[in-house]
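Each in structure tokens, the structures are laid out below.
You will see two complexes here that share chain A, one where it goes with chain B and one where it goes with chain C.
Right after this comes the complex of A and B.
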């Protein structure tokens, strides 16, 4: 029987395999950031251990860095300590660090691919759940906790029970690919399979609806695999993948021969079997807007908010969850999504802060001003994205529309730096999680695509971007 | 293991409500614990007692890979979380550091156990006893390796070669 792409990568990384036990797998790349690593380095010191492969370990600071003027000192003392601690740890253990002043600094999942560090067929880990992003390149990319970070630093391996392969086929063609984006595809998937729908699996996204996407759009899809509970998300590499990674700063010297070895091998065989399947047809899907407090609580922009009964389909826990979500979000069932007014707009995060996201959003706002009651910001995913966008003049388009144009980092996606919502504020956000308090205590998050966020900024409420000319 | 139940009768308790992002900068676990569950239940810190258990629905611990989530619960006194299912990174983090027992339960236990009930858990026979209501439920057994890691006191104390 043939093998899935996941099984091929898995099998080529086995170090120890014993029946009824987890498998020890080799890790090709370890990405490190300031929040989930300090205790891991402390653990190494306490046990007199070294980092086994500092050459395969890359660090940056992204989660709690300020996105304002980088020449000023960091006011938040605890953030400052975490940032200095990472600097010290990288120095002590010989790890390459892209620090706060590096032109390569940025969200770890944005810089990995951008620098050619993320490669097809490899295993990648990072102490961050959105590591799944790198799966867009056909890498098996896993988010891990701090104990596993320490284990990988010490041994370049980790123990893992083999996840099950899950096929998600995305069929059809979007009628308006500028208005209906990768974010809308992945939110539609999660709306259908639920936030636990991928638990214990590695999703492989396949079909015309996936191969049609650019690499940056594919990253948006794989990024949110974790929001469906999956261990990882994967897309088989193709010419778009190989072209994207060619001539990056850290692209291997023998790249063309690697591409030759990947071409025929890194794909699921025709007779391979998946343990689970789901098909999404995208011909007619609409832009998506989340209304609740998990990414599965999402509907079309043209819909009204479902009642807890409609949403839960008889499941009492789901019903209670929906009631609590509506209460937290201060929304009523039956309200049209387009009637929801917003206070803030956040274009950023590892889901949607790459160059293409900013280009698409800029088309919506060009020559316009944001609604006077809205505060809006763009936080590029990396300093390199920021520089490229500035070379294209995108910064001026955003600034002229009264957006704030910031330095790179995770920012308002998770409320660890000063960029947070005030209690009760409602935000159209291009990030990945609408959990209670995620963007700041009492803040209310609606997950949308960059174009939907930009349009909401202009109008002060959600609008259907299919009605705009975005070509 | 004996303790009282704090019940959150809903699915998808996420890591951001277990420990909000703003506290991930705290390295003192005792201080971290004072913010456990703050995003969902501001009274948690005042009501939790050493040895308590949390009971919840499906997909407990979904979201971030922050190990701070099981650490904050553990340092609040929580010895086990009983849930219909767990998000895998939370489950793994809980076991890796032996912070608390992630116990998968069936619907009967979820429905039968109420807030405040005193229960005892015996993992050697996969049994949960509700002392308050005099009921007994089965828990899903830990896989062999998970059981061994927990018994050893976490990933770094477990030595596979000694098997």
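Right after this comes the complex of A and C.
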């Protein structure tokens, strides 16, 4: 029987395999950031252990870095300690660090691909659940906890129960691909399969609706695999993948011969079997807006908020969850999504802060001003994205519309730095999680695409971007 | 890691589904560089109001449950962020057993690395345990939960069971396979980053 892409990558990374045990797999790339690594380095020190392969490990600081003037000292002492700790750990253990002043600094899942560090067919880990992003390049990319960060630093391997392959086919063509984006596709998937729908699996996204996407859009899809509960998500590499990674700063010297070895091998065989499947038809899907406190609580921009009964389909636990979510979000069932007024707009995060996201959002706001009661900001995913955007003049478009234009980092996706919502504030956000308090205690998050966020900034409430000329 | 002993305690019922790790430990507490002391931040936004006064309607603020070591909760517990701080907080607060119909993958795996036992039970059994007011015993060795009226058996991976019972450090275990790792590296065609 044939094999899935996931099984091929898995099998080529087995170090030790025993019956009724997890498998020891080799890790080709380890990405490290300031928040989930200090305790791992401490563990190494306590046990007199070294980093086994510093040459397969890179680090950056992204989660709690300020996005304002970088020449100023960091005011938050605890953030500052965490950043200095990473600097010291990288120095002590010989790890390459893209620090706060590096032109390569940025969100770890944005810089990996941009620098050509992410490669097809490899295993990649990072102490961050959105590591699934790198799956867009046909890599098996896993988010891990701090104990596993320590384990990989020490041994370049990790123990893992083999996940099950899950096929998600995205069929059809979007009528307006500028208005209905990769974000809307992945939110539609999560809305359908639920936030636990992918638990224990590695999703492979397939079909015309996926191969049509650019690499940056594919990253948006794979990024949110974790929001469906999946261990990872991936997409078979094709010419777009190989082109994207060619001639990047850290693209391997023997890249073309690697491409030759990947071309026929890194795809699911025709007779391979998946353990689970789901099909999404995208011909008629609408821009999506989340209304609740997990990414599965999402509906079309043209819909009204469902009642807890309607949402839960008879499951009493889900019904209580929906009631609690509406209470937290201060929303009522039956309210039209387009009638929801917003206070803040955040364009950023490892989901949607790449150059293409900023280009698309800038088309919506060009020559316009944001609504006077809205505060809006753009946080590019990396310093490189920021520079490229500035070379195209996108910063001016945003600034002229009264957006704030910031330095790169995770920023208000999780609000570990000073970029947070105040209690009760409502935000249209291009990030990945609308959990209670995620963007600031008491803050209310609606997940949307960059074009939807930009349009909401202009109008002060959600609008259907299909009615705009975005070509 | 300490070896996992038999746990005898009342249960703390947290009857919610999809409890994410942002709720278990909010992000403002992820800036610490050690593993200890996270218990005071556990479920912070549910436990305290804006003035940091205890909210009387949250279960952890009911002093009847203060010494409970067993948390019983709903589907998909620990979803979202991979932050291991969530497990550190539960453990530091005093929970060593978490029982739910399902767990998120990364959280589930993080539990075993810290001596916390996550038990997956059928929804109906979890619902019964949510109502249980008596002292229960969790016996990992025999894979049995004893309640005043019942004995419930549970499944666990034999490798994870051994790790917990013996309090093993999995990095030391892995180092026993040093030769296999070297062998793998010799044939790997993946180039270094630098």
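Quick note on the criterion: the second predicted complex is superposed on the first by the 471 of 471 C-alpha atoms of A that agree within 3 Å, B and C clash if a C-alpha of one lies under 4 Å from a C-alpha of the other, contacts with A are read in each partner's own complex, and residues count from 1 in each chain.
We take it that a residue touches a chain if its C-beta (ideal position, glycine included) is under 8 Å from a C-beta of that chain, and two chains touch if they have at least 3 such contacts.
Since the model is a prediction, treat every value here as computed from it, not as a measurement.
On the superposed chain A, the positions of chain B and chain C overlap enough to count as a clash.
When the shared chain is aligned, no partner comes close enough to touch A:237: not chain B, not chain C. In the superposed model, A:29 makes contact with chain C only, not with chain B. Of the two partner chains, chain C is the only one touched by A:15; chain B is not. Of the two partner chains placed around the shared chain by superposition, chain C is the only one that A:261 touches, whereas chain B remains out of contact.
In the superposition on chain A, A:78 contacts both chain B and chain C. With both complexes placed on chain A, chain A has more residues touched by C than by the other of chain B and chain C. In the superposed pair of complexes, A:120 makes contact with neither chain B nor chain C. Look at A:435: by the touch rule set out above, it reaches both chain B and chain C. Of the two partner chains placed by superposition, chain B and chain C are both touched by A:128. Comparing the two interfaces of chain A, the one with chain B and the one with chain C have residues 20-22, 35-36, 38-39, 47, 63-64, 76, 78-79, 81-82, 127-129, 143-148, 150-151, 159, 161, 195-196, 199-200, 226, 229, 231, 294, 317-318, 320-321, 324, 414-416, 433, 435-438, 441 in common. Chain A contributes residues 20-22, 35-36, 38-39, 43, 47, 63-64, 76, 78-79, 81-82, 127-129, 131, 143-148, 150-151, 159, 161, 195-196, 199-200, 226, 229, 231, 294, 296, 317-318, 320-321, 324, 414-416, 420, 433, 435-438, 440-441 to its touches with chain B in the complex. Across the complex, chain C is touched by residues 15-16, 20-22, 24, 26, 28-29, 35-36, 38-39, 42, 47, 49, 52-53, 55-58, 63-64, 76, 78-79, 81-82, 85, 96, 117, 119, 122, 127-129, 143-148, 150-151, 154-157, 159, 161, 163, 195-196, 199-200, 226, 229, 231, 250, 252-254, 258, 261, 294, 317-318, 320-321, 324, 414-416, 423, 433, 435-438, 441-442 of chain A.
Residues of chain C that touch chain A in their complex: 16-18, 20, 22-23, 26-28, 30-35, 45, 50, 74-76, 79-85, 87, 102, 104-106, 109-110, 113-114, 157-159, 170-171, 174-175, 177, 180-181, 184-185, 188-194.
Considering their complex, residues 9-12, 14, 16-17, 20-22, 24-27, 39-40, 57-59, 62-67, 85, 87-89, 92-93, 96-97, 143-145, 154-156, 160 of chain B touch chain A.
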